Structure formats: structure tokens, C-alpha cells
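First chain A sits with chain B, and in the next complex the same chain sits with chain C.
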Partner chain A sequence: MANLYIDNVHKSFGETHILKGIDMDIADGEFIILVGPSGCGKSTLMNCIAGLEQVTTGRVIIDDEDVTQSMPKDRDIAMVFQSYALYPNMNVWKNIAFGLEIRKLPKEEIEETVGRVADLLQIRDLLKRKPSQLSGGQRQRVAMGRALARDPKIFLFDEPLSNLDAKLRVEMRTEIKKLHQRLGTTIVYVTHDQIEAMTLANRIAVMKEGHIQQFGTPQEVYDNPANQFVAGFMGSPSMNFIRCQVVDHQGDATIAMSVDGKDFHLPIPQQEKGVRERVGQEVVLGIRPEQITDVVPQQEQASTLANVDAEIIVTEPTGADTLTLIRMNDQEVNCRVHPARAGAPGDTMTFMINMDKAVFFDLASGDRI
Partner chain B sequence: MTVKHSNRRYSEITGRAVLYAILIIVAIYYLIPLVIMISTSFRDMNDIRFGHLIDLPSSFSFEAWRMAWSEVQIGARRQLGLRPYFINSLLITIPAVTISVILGAVNGYVLSFWRFKGSNIFFALLLFGCFLPFQAILLPQATVLGKIGLSGTIPGLVLTHVVYGVAFTTLFYRNYYVSLPGELVKAAQLDGAGFWRIFWRIILPLSTPITVVAVIWQFTQIWNDFLFGVAFSSPQSQPVTVGLNNMVNSSTGEVRYNVDMAGAIIAALPTLAVYVIAGKYFVRGLTAGSVKG
Partner chain C sequence: MTQSPPLSEPTRAVRKVHKPSLGDRLAEQIPRLVVSPTMLIAVVFIYGFMIWTVVLSFSTSRILPRYEFIGWQNYQRLFGNERWMVALTNLGIYGVLFVVICLAIGLLLAILLDQKIRAEGFLRTVYLYPMALSFIVTGTVWKWLLNPSVGIQRFGRELGFENFRFDWLVSSDMSIYTVVIAAVWQSSGFVMALFLAGLRGVDDSIIKAAQIDGASRITVYTRIIIPSLRPVFFSAIIMLAHIAIKSFDLALALTGGGPGYSSDLPAIFMYQFSFTRGQMGVGAASAVIMLMGVMAILIPYLYSELRVKKDDR
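Our next item is the complex of A and B:
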């Protein structure tokens, strides 16, 4: 158990700058999710925290102690590697027990710990096997087991569930959440899975090209993205971005929109004050698919609503909802409608646009307005 | 369709037959000298004297082998036969192979997993050692051996072979280790293992294929070495290659082919044995790295 403070960490490999000033202040017991596109430096940051890569400049502070120059083994960190990194010459049992043996735990305690971890990860039958005799998902669970057998200050998980089937992944996700609630160990966890990110995190850090774009609670990041990149990255299917003009309509700033040749105005929500000052300018409207639905009568009174008839281009049923593609301002927009109410491609149906959670970005910089 | 198909099979079979024929001819071509050596070594001198030099033995005896091993007078040496030279070769080869292979493994381990500033330059310079011709180091090495008082001794020869061999063994191990995933060492570090423990427990157990390659390579190089053996030895520390040469050259009177052949086989036997025992791994080890665990 420990807090973790990453202070302006830079990391370069030769001339390539990978991490360009990472600042994170992580409290004791927090569950931090790190997301970002492939190659943005997530694994590199994990390696820097663990001490497996020397930071170029900056500091890593664990438990109020500067460990920037400490050896990995002195930092008391357990990590699940993206590539598993199981010891090929040892069987599963040995793989899990190796770290415990080095730390000179008594034999009975090692036996007990390995057993407990094996049960947790459902790998008890595999204990005698070598890594080469395991499937990808089994190897990944062994890699998890090796970390979970320890009781470190900090857990680092680099995409630990990426190779599991859907059912096992959900089970393991729950196990990790329970484990965190029980142990309260600080965790930094990399994932590409939106649901994992939203369900597990106390806070999410969104990274891009070596910078942290936003660091906040899942709801903050989802509802209040700092810029267009974060907005587009979080959420699946991703947020719709529609270029549009801010106009003065009967003394009020609104958004001019045209759907299938019909012009109309969309209200700007109360909290988006900045946009009102941009009358006459073009901005990017960000609105999530679930904000554009079939008409729900009991909500129809709200001031942030607008109904519009639009022609359906494509439908993609997902089971729970049907994703429906329409065109607004000549740009494709995804809407999420009830399967029973969804029309067929070519039909025209009425959509209800809820501007309550709409956000706006600067056209040039992509920053939030 | 069927006709075409059987045609193709027919041509495939002829192709194969031609291939095997060529292989067999080449194999015979290579094996004949060995067969003649072996058969001659079991003939007695009368048989050779009155028959053809190249002939199957009409008699069969171990006489020539015994002579070569422990009875022929070689130079002015008091002990007879190749035996003392053979023992010298063992005393040179075994420690030299062991030490150079261990050093190569540790070097390769450091150069692959514990890079330091300038380690690439270090490795490049080390590679020069592989391309250095033997003759080039004769004089400087003789001076060094003289200065440290190891001229003409077995430890001096061991040292020479170790120094010269480390370049090769390092190259072998380094190239093998860079193909292993670096995360293995990282994971072991987080598990709390140090430099040597990671080497012993994680890396070395994965090194069998390349160790076989390095041992075979070093063993044949050192055992078969003649130049260092002749240049840096005294009569008391000469290896078997030098002994064989002296034996063949110093025989007075008629040439005893059977003894010479037996001696040559004795000198070649250990390398042959190493190949037979470990040759399978040798081929496998050379292609290792493409096969991940």
C-alpha cells in the first residue's frame, strides 16, 4: 500500500521522445486506469514506474520516498507484462512461487499462496505444466497469478485480460475488483477495453503521444472530456463530431443544423457558456450516440430536446440497441435507438436529440470550448 | 487429370532418385579416405609392404594402434607413443573450453540484458577478435606469455586459447540471448532476483542449444589447433596435433603407414566423439532463436 507520485517524467530512447512530461499524483489505494492508442507510451510509463527503464528526467516517488534511482526489486512492485514474460523453463507452480522463494517465505506459506492464487484464477489444473503447453489465455492468467501471489506496494497490470474469452474476462474483472476492495493496494492498469476502464477505475488517465490528455474519474472523462481526442477515445461507439455554426436565433445563441435539406436549430445547454460567445463561428459539436434516440414521450418536455426526421442510411443491431446511421450537416452521425423502433435503411424516422450533455470543441485545436 | 497427376508423381520420383544418387556418390567420396585410414590401421606392415597400399586387410591386428599409442619413439622424447601428447591435449582443451564457454555466456548475458554505455562499441571491438588471423597474434602473445612466466606451459596454452576463443563464444551467446524476450529478465528483477540469480535460474536453463554449439566449436578449434600448440609449447607441453606431426616426420627408415594411420585416428577421435554425441544439437542450436519456447 502506497501512494505514487510521478513528477514530470520524460523518457527518450535515443532521439525518440516517448514520454513528454507525465505528471500523476496517485493516492494510496487508488485504482488507476491508463488508456491511449497503441504506441502512445503506456508500457513505457509502466516500465519507468517499476524501474525497469531509467527515466530520462523527472522523478518517481513511492510512499513519499524518491525511488527514481532505486533498483526494481527495492521498489516492491508486482507487474503483469503485456507479453506475459513467463519463465519458459519453469512450470506454472514454479513461475508463481519464484518471487516468493527469493523473498525467503516459509515453504508452507508459499504452498498456500500458490494454491489460493491458482483457485482465484482457475488454473489449479495447470500447475504442473510448462508455459509452452498453455494457451494464450492460460498464460495470461499465470502471469496474473505471479503478480497476485505477492503483496506489493503497487500492482502494475499491462493489459492483463486482453487474451481471455468474453465470459472469463468478465469473471476476472470482477475478481480484480473484489481483490482491490479487499486488499486496497494501489493499482495502475492498462487496458484497451472501454468497459474495463469504466468499471474498474477510480480515475482514468487518457494518454496520447506521450502526454496525459486528461486525468479524472470515469464519469468526468466520459461526460466532460478535456478535448476532442479524449471525447472520441472514450466510449464505444465513439462520440459523434459534427461541424456546425453557432447562430443567433431570436436573441439566443443556438446551433444551426440541417438534416436532409431541412434547417433547424439546436439549443445550447446551460453549462456550455463559452459557445454562446462564438456566434457566427464554426465549432465542432460532440454528441454521444445515446443522446440521439427514438422519441421517448415522457421526456419530450425538456428544454434541451429537439426532434428531427431523418433518413436512415445503415442499421447495426447490437442486441440491446440498434445503431442507426443518419446524416446531419452532411456528416454521418450514429444514433442509438430501441431495436423495436428502428426503421429499415431508406426509411425516414423521427429522432430525438438530447442536447443536455452535448459538448463543443474548437474547430482548429480540438480543445474543449 | 489422372494422367497428369501420375506424370507429376513419376517426375517427382526420378528427381528424388537423381538427388539420392548424387548424395550417395558424394558421401562415398568423402568416406573413402576414412575407410582406408581405418582399414590400414588394422593391417600389419608385411601386408602393406607386399600388397597394395590401398587394399582391404588380409590380416587383422591392433599392433599399429598399440605402437602409435604407447610405443613409437617420437623425436628424442623419453616417454614413448602419442599418449603423453594426448594427455596434454586433454589438459589444454578441457579447461580452455570450460573457461571460454563460461566467460562467453556471461559476456553474452551482460551484452544482451545489462547494456551499459558503450556496450555496443565493446561488442563491435570484441568481434574483431573473430576476424583476427592466428598468425597476427603469435609474436605479441609470445611476449605476453614470457612476461607473465607462462611460456611453454600448459596454462599458457590454456590462456591463449581462452583469450582467442572468448570472442567467438561471446558472439554465439550474445546473438542467442538477444533473441530471448527481454521481459524475462525484467520480470525476474521485479520478483527480486539479482544479476547472478537471473543468470543461473532463468537464462542458463534456456541456453542448452547454444552451449552445445559453443562447446563443439571451441572443442574442435582447440583440440585441432596446431599453430599455437607448436609455437607456445615446450617438448613437455605439446598437444597431440604436434605429437602426431612429429611422429610422422621422425620415423626413421620405412614409412609405417599403419602406425601413422592409427595415430591420426587417435588424434581425431575426441572431436569425432563430440560430434557424434552432440552433433544433433549442433544443427539445432545453429538455427535456434527462430524457435521460441
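Our next item is the complex of A and C:
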């Protein structure tokens, strides 16, 4: 168990700068999720924490010790690699036991640990097999097992569940969460899965092109994105971005919107003071699909609501909700409606827009206003 | 509720049946047509001559082939011949040392070259270069180097070590070891290339994982990388072993089988009995024994190669 402090870490491979000043202060026992588009440097950052890559400049501090120059084996970290990295010449049992043997644990303890981990990951039947005789999902679980067999200061997980089937993935997610609650070990975890990110994290770090865009609790990142990139990256289906103008309507700043040729005004929430000052300017309105729904009568009185009739272009039933595509200001907008109340493509239906959680971005920079 | 149509009808009418055109069929046959002459030549000149040799080994042939059969007599004479037994013993010494030393040096060089050093391409070529020479050239060069009156011994003495001795080439006890030296010099670069390719095939992240597990560099090599090179070891041993059995030109150029017949190898024995001493029957018998030796190595190899797809190596 340890805290982890990443201090202005830069990493370049020759002329290519991959990490451009990463700062993270992670408390003991925190579960940190690292998300970002492919190639943004997540694995590189993990390697730098583990000591597999030397940082170009900056410091890595684990448990209040500066380990920037330490060898990986001295950092007491366990890691699950994106590419599994199983030892091809050893069977599953040996793969899991290897790190323990190297650390010279007593035989009985190794036996017991491997058994426990194998049960946890449901790989008891596979212990005798070589990695080449396993499926991708099975390999991934063995890779997890190898890390979980140890009791390190920090766990680093690089997309550890990406190759599992949907059911197993949910099970493993729960297991990881339980494990974290039981052990309380600090975890840094890379994933592309939105649900994993939201459910597991104490805090989420959103990365893009070697910078951390935002580092906060899941709810903060979801409700209060720092910029348009974070807003678009978190959430599935992603947030709608609508270019629109701030206008003065009956003495109040509002958003001018036109749907299917009809003009109307959307209220701006009171807390969005910055936008209220931009009367006459164009901004980007960010609104999540679940904030544009079918009309729910008991909510209709709220001041941040507006109803609008729009023609349905496409519907995508997901089971729980039906995603419905409409056009606002001539831009496509996804709405989430109750399946029973969704119309067919071509129909016109009334949508209720809840502006309570709407966010606004600068047109040029994409920053939150 | 609508009734869904039956899923499959017993006989279904189709509009058109696609048949491969003449051109398609010709294209399919082209590979066979192209290799067939080579195939024919191989059958006649390799397998045909093999069978002919086997036939001759049971005949009374001396200078010229004769088809008068005498059963196993040639084999009896062969194994009664002291010179053949020396050649077999030599092959044992030479074969084992050659294979083991080549593997050791090849692996060591490969591991050293794999440390992301500069000028790796250049060094690789240097080590591989002996492979480009024919065994005759290697033999001749080493004959000079090992000759006590012009080579290493003289060099040592000229440096001031008056009692320096390195006369294995002219000693009947040690001459076979000079063949080992020259053969190792020639082939270990090739073994290095095999191992280097194998090392490059090891996924980088496996090494990283082992480092995180706490393994030292040496442990990473001994416990993970070298064991995972097992298939490479296997191929290298097979290749070296059959080079060893067939060794002829190197020993002939280097020692000529001498002094006396102290560094004779089966291939030299076979050549001399068949073609210079007019004992073709015995020579053919020795050739058949060598063929058996090669097959004893190759057949398990081919067997395992052909079923390697099925399970893990």
C-alpha cells in the first residue's frame, strides 16, 4: 500500500514527445482510472510508473520515496500488460507462481496463493496448460492472476478485461472492485470501457495527446467536464454538441434554437454565468442524450425545461431506451426516450429538453465557459 | 401472427450452378506443372541413387559396380575394419563437441548482440561471414594457422614464448580436435543468426513482465528466454548434427584424415574405399550406415515439425 506522486513527467522516444508533463497526486488506496483515445500515451505512462521506461524528465514518487531511478523490481509493483505477456515456456501455474518463486516465498504459501487466485479468476482447470493453448480471454485472466498473486504497493492494470466476454467482464469487474475494497491497494487502471471507468474509479484521469485533460471523480468528470474533449469522451452515447447563439429574449439571456423551421428559446441555467455574459456570441451547447427525453408530465413545471416538436430521423432501440435522432439548428442530436413512447422515423414527436445539466463550450478553444 | 415459411425445402431449385472455368483449373494446376521437372530430377538423382547405393552395398562391386550379391558380407567387413571404427569414434568426438560448442558460442554471441549495441549489423555480418566460405577454404586457412612451423605456434614463439606448443594438427591424438576448431569457427556464426532470430521473436513485454516479477537479467535469460528458444535449439542441433555426419571436405582439406588415419571421418572413409581403393561394396555399405545416421536424426525432426501445428512445441 502506498501513495503515488507523478511530478511533471515528460517522456520522449527520440524526437516524438509522448508524455508532455503529467502531474498526478494519488493517495494511498485510491482506484484511479486512466482513459483516453488510442495512442495518447496511457501504456507509456504505466511503463514509466513501473520503471520499464526511463522518464525523460520529471519524478515518480512511490510511498514518499523518489523511485525515478529505481529498477522495476525494486518498486514493488504488479502489472497486467495489455498484451498479456505470459511466459510461453511455463504453464499457467508456473506463470502465476514465478514472481513468488523469485521472491523466495515458502512452497506452501505459493501453492495456497496460486490456488486462491485461480479460484478467484475461475482458471483452476487451466493450471496445467501452456499459454499457447489458451483463448485470449483465458490468457488475460492468467495475466490478472499473475499480478493478483502478489501483494505489491501498487497495481497497474493495462486494459485487463478488454478481451473477456460481456458476462465474464461484469463478473471480473465486480471481483476487482471487491478485491480493492478488501486489500485497499492503490490501483491505476487503463480502460476503454465507459462503464468500467464510471463504476470502478475513485477518480478518473482523462488523457489526450500526452496531457491530462481532467482528473476528478467520475461524477465530476461526467457532469462537469473541463472541456469539449472530455465531455465528448466520457459517456456513451456521447454528449451532443450543438452550435448555437446566445440571445437576449425578454430581458433574459437564452439560447436561440431552430427545429424543423420553428424558432424557439432554451433557458440558460442560473449557474452558467459566463454564458449569460456572451449575448450575441456563438457558443457550443453540450447536452447529454438522457437530457432530451419524451415528456414526463410531473417534471414539466421546472424552469429549465422546454418542450419541442421534432421530426424523428432514425431510431436505435437499445432495449432499456430508444435512441432517437432529431435535428436541432440543422445538427444531428441524439435523444433518449422510453421505448414505448418512441415514434417511428418520419413521425413528429414532442421532446422535453432539460437544460439543468447543460454545459457550454467556447467555439474556438473548446474550453468550458 | 404470421406463419413463418419452412426453413429448408428438401430440393431447392437454383438458377445457375457455378463451375470453375478452364482457365481457373489451369491456374490451379500451374504450380504442379512447374515443380514436376524438379520433382523428377530429385526422384531420380536423390532417391534413385540412394537405392542404387543400398543395392551396391550388398554386391561384390570393387572398382566398378557388379551385381553379384553376397548378403551382409560388406557390412561384416566394414565393422571388422579398424579404420572404420576409428572414423566412427572420431565422428562421435567431433559430432558432440562440434554441436555443443557451436550451440554455446552461437547462443552467447546472440545474447551479446541482442543487448541493443551499436554496429550490430556490422558485427552480425562479421560473425556470419565464415558461413560464406566453402569448407575447403576454411580447411586450408586453418591448416596454415595450425601448422606448427608457420601458424599459431610459430607466432607464439616469435612473441618470446620459446616453449609454446600448439601442434595438434600433427599429433595423432589431437588432430580430430583441430577439425572441431575449424568447423566451430565456420558454423557458430550461423547458429548465432538462428538464435538471434529466435531472441528477436521473444515479445518485449514478456521480459518486462519478468522484470516486474523481480527477475534479474540472468534469471530472465535462464528461466524464460532460453527455455522458450527450445524450437531453435532443436533446429540448430538437427542442422549441426547432419553437417557433422556429412563432414568431408573440411577434414580432407585440413588434415586429410591424418596423421595416418587418426582424424578419419566416415565420409572420408567412404570416399576412399569407394573411389580410390577399389572397394565399392564396402564403401557403399559405409554410405548406407551414414544415411541411417542422418535419418535417425531427421525422421524424429520431420515428425515433430509436421505435427507441431497440432499442439504446443
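Note that in this section the second predicted complex is superposed on the first by the 369 of 369 C-alpha atoms of A that agree within 3 Å, B and C clash if a C-alpha of one lies under 4 Å from a C-alpha of the other, contacts with A are read in each partner's own complex, and residues count from 1 in each chain.
Convention: contacts are C-beta pairs under 8 Å (C-beta built on N, C-alpha and C of every residue); 3 or more make two chains touch, one makes a residue touch a chain.
Just so we're clear, the structure is a prediction, and the values are computed from it rather than from any experiment.
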item: Side-by-side fit of chain B and chain C on chain A, or clash; value: clash
item: Which superposed partner A:133 touches (first chain B, second chain C, both, neither); value: second
item: Which superposed partner A:181 touches (first chain B, second chain C, both, neither); value: neither
item: Partner chain(s) touched by A:146 [first = chain B, second = chain C, both, neither]; value: both
item: Those residues of chain A which chain B touches in one complex and chain C touches in the other; value: 47, 50, 52, 71-73, 77-79, 81, 83-89, 98-99, 102-103, 132, 146
item: Complex interface listing, chain C residues touching chain A; value: 203, 205-206, 208-216, 219, 223-224, 227-228, 230, 311-312
item: Chain B contact footprint on chain A (complex, rising order); value: 47, 50, 52, 71-73, 77-79, 81, 83-89, 98-99, 102-103, 131-132, 146
item: Sites on chain A touched by chain C in the complex; value: 47, 50, 52, 71-73, 77-79, 81-90, 98-99, 102-103, 130, 132-133, 146, 150
item: Footprint of chain A on chain B - complex, ascending; value: 181, 183-184, 186-194, 197, 201-202, 205-206, 293
